[in-house]
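Structures follow.
In what comes next, subunit A is part of two complexes: it sits with subunit B in the first one and with subunit C in the second one.
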Partner chain A sequence: MENTPLLELIGIVKRFNKVSVAEGLAFSVADGEAVGIVGPNGAGKTSLFGIISGELHEDAGEVRLGGELLNRRDSADRCKMGIGRTHQVPRPFQQMTVFENVLVAAHQGAGLKGRDATDLASSVLSDTGLYDVANRPAGRLGLLHRKRLELARALATRPRILLLDEVAGGLTDPEVDELIKIVLKARKSGVAVIWIEHAVRALVETVDRLICIAGGRIIGDGKPAQVLAMAEVKELFLGTEPGEESALRMDHYASHGHLGDGEGRQVSP
Partner chain B sequence: MNGKLDFVSRSQYSGYYLGILGTVVVVGLVALPYVVAQGFTNTLVNLFILLILANMWNVLAGYGGLVSVGQQAFIGIGAYTVLLLAQHGIEPFLAIPVAVVVGAVFAYPISWFLFRLTGGYFAIATWVVAVAAGITITGIPSLGGGTGASLPGLQSMSSVLLGAFTYWASLAVVLASLVSVYLLLRSRLGLALTAVRDNEIGARSIGVKVTRAKRIVYLISAAGCAGAGALIAISQLNVQAANVFNVQWTAYMIFAVLIGGIGSIEGPIIGSVVFIVLQQSLARFNAWYLVIVGAVAVIIAIWARGGIWGVWADRSSTKLFPVGYFLRKSSPEGDQLVTQTNK
Partner chain C sequence: MSWINALIQGIFLGGLFVLFAAGLSLLFGVMEVINLAHGDIAVAAGYLAVVLIPLLHIPAIWIFIVVVPVFVVIGYVMQRLLFQPSLKSGSLTTLLVTFGLSVIIENLLLEGFSANSHSLSIGALGSGAFRITHQLSISYLSVAILLVAIATIVIIQLGLSRTNTGRIIRAVADDREAAQLIGADYRHVFGIAAGVAFGTVALAGLALSMYSQITPSAGPTYLIYGFEAVVIGGLGSLWGTLAGGIVLGVAATIGLVASANFGALAPHLVFLAILAIRPNGFFPKKALA
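Then we have the complex of A and B:
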């Protein structure tokens, strides 16, 4: 079992009526590996996270964590087993404080009690730069802090793999720099990462490997520089260099008006 | 800067004064039958029954997100449990805790049926269950059939003593229901439930077993409503299916919760008091009072979504029931709350 990948997707198929978001998607992520995912709007990136985390049911295919088949596990179980995710549209517990938001994750996701849970919650808050707003109701946070809270909550579940869905979306460059530091620190602790982001710069600085998805299929998978150099991928990015504000990302705002329209339409299982 | 120095308190202020206040209120309420006329304690019995129901509906809908319009099923089950036991010679007051347990026992299989449904379908199904329970019991002649039966076992007591005992029993049940909900919400499960209240999908994705949490809440709520049903049987000395299985009980509890504020322990308490005060002061308008109370609930639902308590909570962080967590740190000036300013 030495070479069992941490996360393994096999032949994932998912369609919403006529819209196909996954047509036999297959890839795996090793322990501690960091993978970036790029792709145009509506490519099915968020849906893929839904399938991995158990919020969406695939039409066909298998999801495995450490070799164990997950298909019949609900999202809470998958979280306890080590899949920590953020949502593209943050889902804060509005009337609870930031500290309480993170504490539930430490209780339920990481399975901790009492002092262990509160210690983990407070250290995650310092790591994610939320310590100073610990006692503030989450409903009163701005976008930056809401995005960080998503990340903090996922980290407080003590994940083996962290799924980040556009946590840098809408942030300024210095804010993205902070975020990159946070993610790199998490990586150091050994957690694997899959990071969906339109701003390629953040990915290039953090991931080992980049996957490009379009039309429910993988059209590129490899070292970030190689994938970004592929003709098919370049075409999607309309010629912009990685590191710049990509045309893809601008397109994102133009077509959606706000972040994560697709996510907002998802239904719970 | 933090880490080892951090600690967590459960209340922003000292719980000491709240403890004293609570004790004074409880002692005062216990002594009340010696001080005031029986008419007043009878009104308080109605208030306590409503408060139990509102408290239960609030955990159910406000935290569990389970909008039930069929809680009268458990009111009826509680009332008939007391009747059945009294017919077999068991003191009605002693039957109250049994009724509470019976309510939860019935709720368990019912939850497996109901939890297959969500939203409006769930609500309608709860109502169907209540109607079915009412019809079933009406078909049992020994329980009085459709005309109901009077509650045996209390005739020997003087009316004053019976009134006082009924009052104390109601007070005991209402305190038990409030303390239970308070302890529940202070627990890990309670924090998880609060997360479910605020964002169900978010809660699931950080490991909250939402359905399990909801089932527990459903059982607690059924138990509490059965306790209220037992009190209704005792305070009316009569059990009739058309009354105890009446959907109006659910209307009352929903009104009280909406007026006071959903999703807090304080809200239903305030809402129940307002409801009873309105009911008493509008008594001469007969059933019109319900229309007025309903209108108040609708107005509040539109303009103050959080109810009366919600309006208060928006302005102040003082709570009667501290269920939160506050991150504090030790500093040279003494312990203080972590805030943005003291970086």
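Then we have the complex of A and C:
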């Protein structure tokens, strides 16, 4: 079965009371492919990750990894099968050092023991630029390092597909550049990526394909430039909710091809 | 002299309280389960020893080699089958489940062994003592119990901070969902923690039945000492638990010197006093570390 996609979503439906976050969502991701996901707040992007990683249960539909049905597997199983995810608000194990955070992931997620696990943890730490803070308790890291640790921990589980939820959110442009390098490096090693991000620039520089989701439906799927140029996508990001930074930024990028400066910093709780 | 004697005896009595408290501290620190059956489980371990010693023909002092592993397995199984399902419905359910378990164990023991007290005779080790002065002597058993208690705390602490299993337990205790996302099966991890907790409480039960006597209803008394040790030490802090147990032991023996009836009350008063001054205990902590 050479044509089996790595990840496949079929007719995913998910509603919270009356709010629908997925209305028959369907798409697939090939081995090694990188897909960006954009959409207004509340479009169901993060819920989609929850459904793929097993934190949320879909009301209907199927999730498959390498052809295998995931619906009845819990998130620990799915991680071992090759799904790695990060959270928008980083969730490091606060009392543990940066190294321990990554080591646990190498043990549990990648199933490595002893020397192999410490080796993987060290190499992930140097890849993600965390080597210098390896022995610091994760609870005392700043936002940039927390975001990187979130990514490092997911990488240490040796995922086949990496789900990135706004890892660049709240970072400055140079910091985003560094992050892009890390993601590109992971891609080079063959990991597929789905990346939700408001900072469209990061996506355009990393992904092969862009999917735009709104109201639980896919309204655009294709090459990033094509999707950003679509009338429906543009309309969605033009003056929907007033003061929505991402909408402005996205439109800015679509029409001018570059980003304005003055990014707000997100304060982590 | 009698005060110094009381102080020293208290430190050693504290060892027993520490053994009772270690498992409570761990269960609470890892999964926020308050195990009301903790004392009864200890007593049940004592009774298991009472049954097994004549059957296996091994010296009473070595019975822990059999009893502790049995309780580790019981702990794991109970976590998976009983505590885990109740955790989903909130902490009150867990409290009720462990309370029910306490009642069941007590009544089963009453049915099987009557209300008479039992104890484990360990021969010379039980009666012998180090004579420091002609007024001050410390029994071998007291010394052994304190050493076992300290070793238990140190081993759990080192296990948590240095081993892979320990790191996973800490990760799960910190953020269960995030731990699952890196592949940790938290139910298995909880099971391991419960196994360790049951193993330590089995030690406490054996120590109690060697040190004094057990009756089917002795559990709750020691549960309270265990709780107080955990709380004044600081929830989730194992070093705090060690300190807390020793403080309670000293309070009990010094209280006894002051008045024969005061021995049982003094630790509770000290507990209340410490709670009033330091509501979060000696070593307040957010999670295990």
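In the analysis below, the second predicted complex is superposed on the first by the 238 of 269 C-alpha atoms of A that agree within 3 Å, B and C clash if a C-alpha of one lies under 4 Å from a C-alpha of the other, contacts with A are read in each partner's own complex, and residues count from 1 in each chain.
Simple rule for what comes next: a contact is a pair of C-beta atoms (placed from the backbone, for glycine too) under 8 Å apart; a residue touches a chain by one contact, two chains touch by 3 or more.
Here the structure is a predicted model, which is why all the values come from computation and not from measurement.
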Should subunit B and subunit C be called a clash or a fit once both complexes are overlaid on subunit A? clash
One more residue to check, A:Q88. First (subunit B), second (subunit C), both or neither? neither
So, A:M96: does it touch subunit B (first), subunit C (second), both, or neither? both
So, does A:S53 touch the first partner subunit B, the second partner subunit C, both, or neither? both
In the superposed arrangement, does subunit B or subunit C reach more residues of subunit A? B
Under the stated touch criterion, which partner chain does A:R153 make contact with: subunit B (first), subunit C (second), both, or neither? both
In the superposed arrangement, which partner chain does A:T206 touch: subunit B (first), subunit C (second), both, or neither? neither
Which of subunit B and subunit C A:K80 touches, first, second, both or neither: both
Have a look at where A:A105 lands relative to subunit B and subunit C in the superposition and call it first, second, both or neither. both
Answer with first, second, both or neither: which of subunit B and subunit C does A:A134 touch in the superposed model? first
Check: subunit A residues flagged as touching subunit B and also subunit C 53, 55, 74-76, 79-80, 84-85, 87, 91-96, 100-101, 103-105, 107-111, 113, 153-154, 156-157
Where on subunit A is subunit B touching in the complex? 53, 55, 74-77, 79-80, 84-85, 87, 91-97, 99-101, 103-105, 107-111, 113, 118-119, 122-123, 125-126, 131-136, 153-154, 156-157, 268
Contacting residues of subunit A [partner subunit C, same complex]: 53-55, 74-76, 79-80, 84-85, 87, 91-96, 100-101, 103-105, 107-111, 113, 117, 153-154, 156-157
Residue positions on subunit B within touch of subunit A in the complex are 1-3, 6-8, 188, 191-192, 194-195, 197-210, 263, 324-327, 337-340, 343
Which residues of subunit C touch subunit A in the complex? 164, 167-168, 170-171, 174-175, 177-186, 286-289
